[in-house]
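For reference, the structure I am asking about is given below.
Going in written order, the chains are labelled A, B, C and D, and every chain counts its residues from 1.
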Amino acid sequence: MSKTMSARVLIQKFQRPLILLVLVVVLTLLQPDAFATVSNFKSIFLAISIYGVMVSGSIFTILLGGIDLAVGAVAALSGACTVLTIIAFNYSDIGVILGILAGLLAGCFVGLMHGVIISKFRVPAFLITVATMNIVYGAAELLTGNQTINIISPASFTFVGGGQLFGIPFPIYIVALMAFLSFIILNMTVFGRQVYATGGNPVAASLSGVPVFRTTCAAYIISGFTAAAAGIVLASMNQQAISKAAQGYENDVLTAIVVGGTSLMGGEGSIQGAIFGALLVGILNNGLRLMGVSSIYHTLVKGIIIIIAVSFDFYSRNRNSGLLRTGRLRLWMARQVAILMKEEKHQP
Amino acid sequence: MNVDDILLRAVDIEKSFSGVKVLKKVGLDIRRGEVHAVMGENGAGKSTLIKVLTGVYPRDEGKIFFNGASVTINSRQDAKDLGIAVIYQELSLIPTLTVAQNILLGQEICRAGILDNGAMKLAIRKLIETYGFSLNPDAIVETLSIAQRQTVEILKALSMQSSLIIMDEPTASLSVKESENLFQTIGALKKRGVSILYISHRLEEVYRLADRLTILRDGERIAVLSQGEINPRDVIRLMIGKELRQSEHAGRMRPSRPEVVLRVRNLSRRGVFSDISFDLHRGEVLGIGGLVGSGRSEILHCLFGSDRPDSGDILFEGKPIRGTVSRNIRSGFGLVPEDRRTQGFIPLLSMKRNIVLTNYDHLVGRRLFISGKSELAMCRDAIQRLDIRPANSEIHAGNLSGGNQQKVVVGKWLMRDLKMLLIDEPTAGIDVGVKEDIYALIGELAEKGVAVILVSSDLPELLRISHRILVMRKGRIFREFSEGSVSQEDVLKAASGIQDREIESNE
Amino acid sequence: MRKSVHWGIITVMIVALALAAAGQVSAQAKKNPYKDPVKIAYLPDNIGDTVGAAWGVGIKREFAYFPNITYQVFDGKLSAETQNQIMTELINQKYDCIILQAHDAAALAASAREAEKQGIPVIDLNLDAQTPHTCLVAMVDYEAGSLVAQEIAKGVGDNGNVVIIEAPPGASRGINVEAGFRDTLKAHPGVKILAAQDGEWLTEKGNTVMRDFLTKYPKINAVFAINDAMAEGASQAAAAAGRKMIIWGADGEKKALQYIEQGKLTGTIYTNCYDEGATAARMALYAIGAEINGSKFTKTPIIKMAPIVVTKDTVASIAEKDRW
Amino acid sequence: MRQETIRRLFSLLLLSILIVAFGATSKLFLTLPNIFTLLREASVTGILAVGVTFVIITAGIDLSTGAIVAFVAMVCANIFYYTTLPVWVALAAGLLIGAGAGYLNGLLVTRLHLPDFIATLSTQGIFRGLALIIAIRSSTGSISNKVITNQGFLLLGDRVSVVYLVTIAFFVVALLGQGILKMTPLGTHTYAIGSSRKSADLSGINSDRVKKVAFTISGICSAVGALFLTARMQTAIPELGTGLEFDVIAAVVIGGCAFSGGRGDVFGSVVGALFMAILTNGIYKYNLPAAFHIIIKGCVIIIMVIFDSVYHRRMDDRIRKAGKMLDQAAAAAEAAGGGAGGIS
């Protein structure tokens, strides 16, 4: 029995890669020449890189049971800050460094504001971040004067979003780095543990000595930071700063995170899942384009495939976690009871 | 009472889950108008039996007769239609609705699809008056005390013309006084011919209330005792199959070591408690008794730093503390809060992460990363020391049984260098075996020099493990018992405001 | 009972406000736009858009000569509903003229008609509202597509594969430009359109779409992106893949011109957006002064901005001050 | 007074402050036409908010409302463009499709056990995709939106003397919604499953059914909103209502519904929708750069939300304290009167 259980556990554990694999196989069969190529995968990763970077930070706020809808706005603001600073420093390399710092700082500042307001006044994060989204976009508009600011040089800046290293576009390194850092922080540091704990039960966490205020602030700052990083990559990739850049990216970010199995109630989810979500959407978009499906069908097909993938994912994961209430719950309870009884029998 | 007047008879009920038999030919007879208790350790099959009777689980074998007729109960609705109501341990009320809405939930009175508020109000008034409860039908449930909510539950059952009410651990979160009210209600129900199936871990309640008692062990019916035969010692023996050392009826207060760990002076928090002063010594278990709402738990929260007092001083080892929770934890405080599920642990996290949560300062120190190995080692240590079952460190804390959840909550404090443990209702809703474990643990800690403050509504428990008892009333320390023998009656009297001798808190 | 109290309160509030406000309606007087105080609003589809911003600059420059003009910019937020709301607002505020870039021709028709009926001239930019109104100042769209088609056909020698990076489905200008392109290519049967996908007007999406085209089709001779931003993205993608091809955009924004100078883009259809904005502004002043009533028109007068086909050879002819 | 009542009055007070502030600083704000314009702007969001209120009270979320608006609008446009069917057919078809779309959301949530967020996010894509697919096309196959000329239908966008029909519809829908919520068993059940799903199940409530009904109501409200919006714009475009769902949710949340469910009501959402409309409308009255429109809007929302939260926390505290004291007093009185019977 334990052997079959572990096999099932194994399948469960690799549920999401399995879904991706199925999708990849299907698309490979449909597009044998185009889909399963190295360059295509580079394209897919590049396509998800901007919101992939955002996802790496945004997931902290979702795990806390909050939400950050201002990521797109922060990206626009930080892009503008960076580009304007570089121009102010006459396109010098020092300007690039200072510009990037300025952009990141702007993102962190917005994040700090979010964290302080949300945890000090215990107000719904949804409303606050929608409001700051307005404010930050407004700030970006003021900063750019609503003009498109082009920045074709210096090369050190355009490399960030447009360059290649060892044949791989640079943004892919950035998204990989961010996701990796996020993974490390979430899984291997005390702060990561505290994020999960606070999201799972803020009262219990605070009574266990978790500094809830600090954790919340840090999570929103991280979200602001990655949004700013994404904004800088975007500005560099497009070689311009626009006041309305990254509009609607918050939707992509949320979709990726939620499709990746992270609960909006907080406390449950993982960065691997979120990257899975981003990849799922990325591969779908790519596949639809490769098959030449007209763009008017994209949203429809994507909607349907997300329903299928997620319900499959939820179904097989929740089979054993009691989230399904009907017949499956009884099965699950039966199994739990059996395990409990066995454990007790084994006691001396 | 007519012996043949059987309301519900279950014969040879069998139930197995994936091949494991949980109920083995269990029988149960409930007479009309009797209080029938069912006892058994966790896993003995009590809840499964109830779930079979109420249609949550289908039974594999056996028959159920209700009012003499053979019935099939395949869904909760079937049970409801027969007049079987269940009052669950975790109350099944809707917190944001009013008392009236809750009572009539699912059976609203309508006229042409529109709620007939007048008729509903009338019905509820009548119901409340019939049983003599004091409840405002328009009150929102979340503003009520737990005892009042339970009353609402009972009313809900009665509104459905139930002839059998199943009560699962009804007194788990009630104070003594509130339990007393409940018992009176039960008495009233009994007089009106309603049968009650009563499940509890508290022996003295069963001893007092039950007309008959069925004891289950390992899915089998071990014995059915009638009132005269119920005797705590026998019951425990039958339940666990071995003799258990009986706690003394009265507690003997013990002198404590001279070394003062915690000095509390004139601590006040507006509207909650005022002018609290006491000393706590090394290795002492200080019990705090009193009614729920008398400010006991709030004192613990102020000491722990999660609430702020309005005035007063707290000196820990001679130095004033006014710190945050995390600072207090670092200086050796621990808190086992009253409400496990909402304050004690994080249901979605694994047992391991729950246990380690408070101890990262020890585990990680100045390093950047957590070592998974040391986490696991700590968790294994806790599992072993506390005998947590199942011994699987990855299981979600929310999926453990109540007793084991409590062990996890206590366990996370044991893993560190504890100097003071604040423990609030440690054994609410926990079965006898785990209770004993927790008592032993508290004793062990005190032995080692940890100062313990214990808040409890369970008088025998309070008397048994406390070295000294403070009784709170209306937010003040009403009495202190620091020497000699103290009986439950003494504490109860103090909690109710009756005093034969006023004792100032010493100094 | 309490519920009715709440509803009562709100009703009373509304009625009170209504009464307080009654009788404040005043009649409109004739105005000299060059002397009297006039209020003119500019309502682009999206305030952050490069083209819209350039028009804004053109309009502002023009109005800067007249201190009597109050010039106010509103943001359509890429939404026809928002534009309609703001149009109602502008009509209520009795603006003297509205310069509008309609999100959708049909969706803004009702609002434009209403404004004209109230005597407020509506000058449309680029996209006509489907109702007769004072004036439309537009870049060429169908013709632009047509011009690009001819250039591409010439560039590939009437024989080759083309891909299109489209505007979002439903966007009128995108549809018109693409229609012009496709229609003209029909005369060049050797040039095959391989695929068309939505690039959402954005550089980064243009890049993504182009990468997928490059993956799918080993032989692409030319790319047509409906705007310059997407063309720039396509150029980046082609460069990253190390493939050479003809890439055309449309609009002629500053960066596209730089790209053409650097050889990253083949060409674009340049329109002087500063000039277009200024033209609209002048038309606005004219309409106010002449008391033109567009609601009486049966057809909207159209001013088309002259398209300039820009390639590496001709790009120098666009003066720095005209680059937007 | 009950706490809820106080809260209600408080939010009306905040609304009044906003009105007074705008009215005092702008001559244009408190004019009759502007007030009715303002109500008109609040109406479509408000109608949608009534439906979403139901969903949010069940602890759900509906992100598909904007897309349902587009789909329903597009269906009506198709009917008017391709057929000469009477107006009521188009209206009925629109409402039916709205209801069906909502029901589909409900099915996905209850049958496939998808979280509301994902289910409605996916259907958002599906409905918007359908709107795109059925969009009216020119002979070359490209989308070309047509102006609707059916005068009967366009009446919906018109007004009776000064009051816009959509405003009347808004108040009717709101009254109906509030009625369903407060005066029918369904309303009580909606609160029940949102507040505590498990308890509701234990009370024999078919939560799946309630959930489906809530989504269906939301779908119908979206359809009603779509009809009025289409009549006002006199056309349907496939991108109609993009992002509308966020405005609607914001209105509902500002109105006092909690995402955790079981709280709030339609009245609050009406106030929320009015608040948002007044804010947007009021800011337009000042000759500020467009950037300040959104900056001020954001700031006012933040201030209002913080103010609301701080105030209510204080109120809650006071009420809890008062309640606790009462409890104690009662317990003490009982104990003193009844004497202390020992347990054993």
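As a working rule, contacts are C-beta pairs under 8 Å (C-beta built on N, C-alpha and C of every residue); 3 or more make two chains touch, one makes a residue touch a chain.
Keep in mind it's a predicted model, so treat the numbers as computed, not measured.
Chains making contact with subunit A as well as with subunit B: D.
Greatest Cα centroid separation from subunit B: this falls to C. Among the pairs A-C and A-D, the greater number of C-beta contacts is found at A-D. Between the CA-based centres of subunit C and subunit D the separation comes to 33 Å, rounded to the whole angstrom. Each chain gets one centre point, the mean of its Cα atoms, and the points for subunit B and subunit C are 69 Å apart.
Taking the mean of the C-alpha atoms as each chain's centre, subunit A and subunit D sit 29 Å apart. For subunit A, residues that reach two or more other chains under the stated contact definition are 141, 146, 243, 296, 298. The multi-chain contact residues of subunit D, meaning those touching 2 or more other chains, are 132, 135, 143, 243, 289-290, 293-294. Each of residues 47, 73, 78, 168-169 in subunit C touches at least two other chains.
Pairs of chains in mutual contact: A-B, A-C, A-D, B-D, C-D.
Every residue of subunit C that touches subunit D in the complex is listed here, in rising order: 2-3, 6-7, 9-10, 13-14, 17-18, 20-22, 24-25, 47, 70, 72-75, 78-81, 84-86, 88-89, 92-93, 103-107, 109-110, 130-131, 168-170, 172, 175, 178-179, 182-183. For subunit A in complex with subunit D, the touching residues are 69, 117, 121-124, 126-128, 130-135, 137-139, 141-142, 146, 243, 248, 254-255, 258-259, 263-264, 296-304, 306-307, 310-311, 314-315, 318, 323-325.
Residues 17-20, 22, 43, 48, 57, 304, 306, 324-326, 328-330, 335, 337, 342-349, 353, 356-358, 360, 364, 368-370, 389-391, 396, 399, 401, 412 of subunit B touch subunit A in their complex. Within the complex formed with subunit A, the subunit D residues making contact are 108, 112-115, 117-119, 121-126, 128-130, 132-133, 135, 143, 201, 243, 246, 249-250, 253-254, 258-259, 289-295, 297-299, 301-302, 305-306, 308-310, 313.
Within the complex, the subunit C residues that touch subunit A are 46-50, 53, 56-57, 73, 78, 166, 168-169, 195-198, 202-204, 207-209, 211-216, 229, 232-233, 236, 240-241, 253-255, 258.
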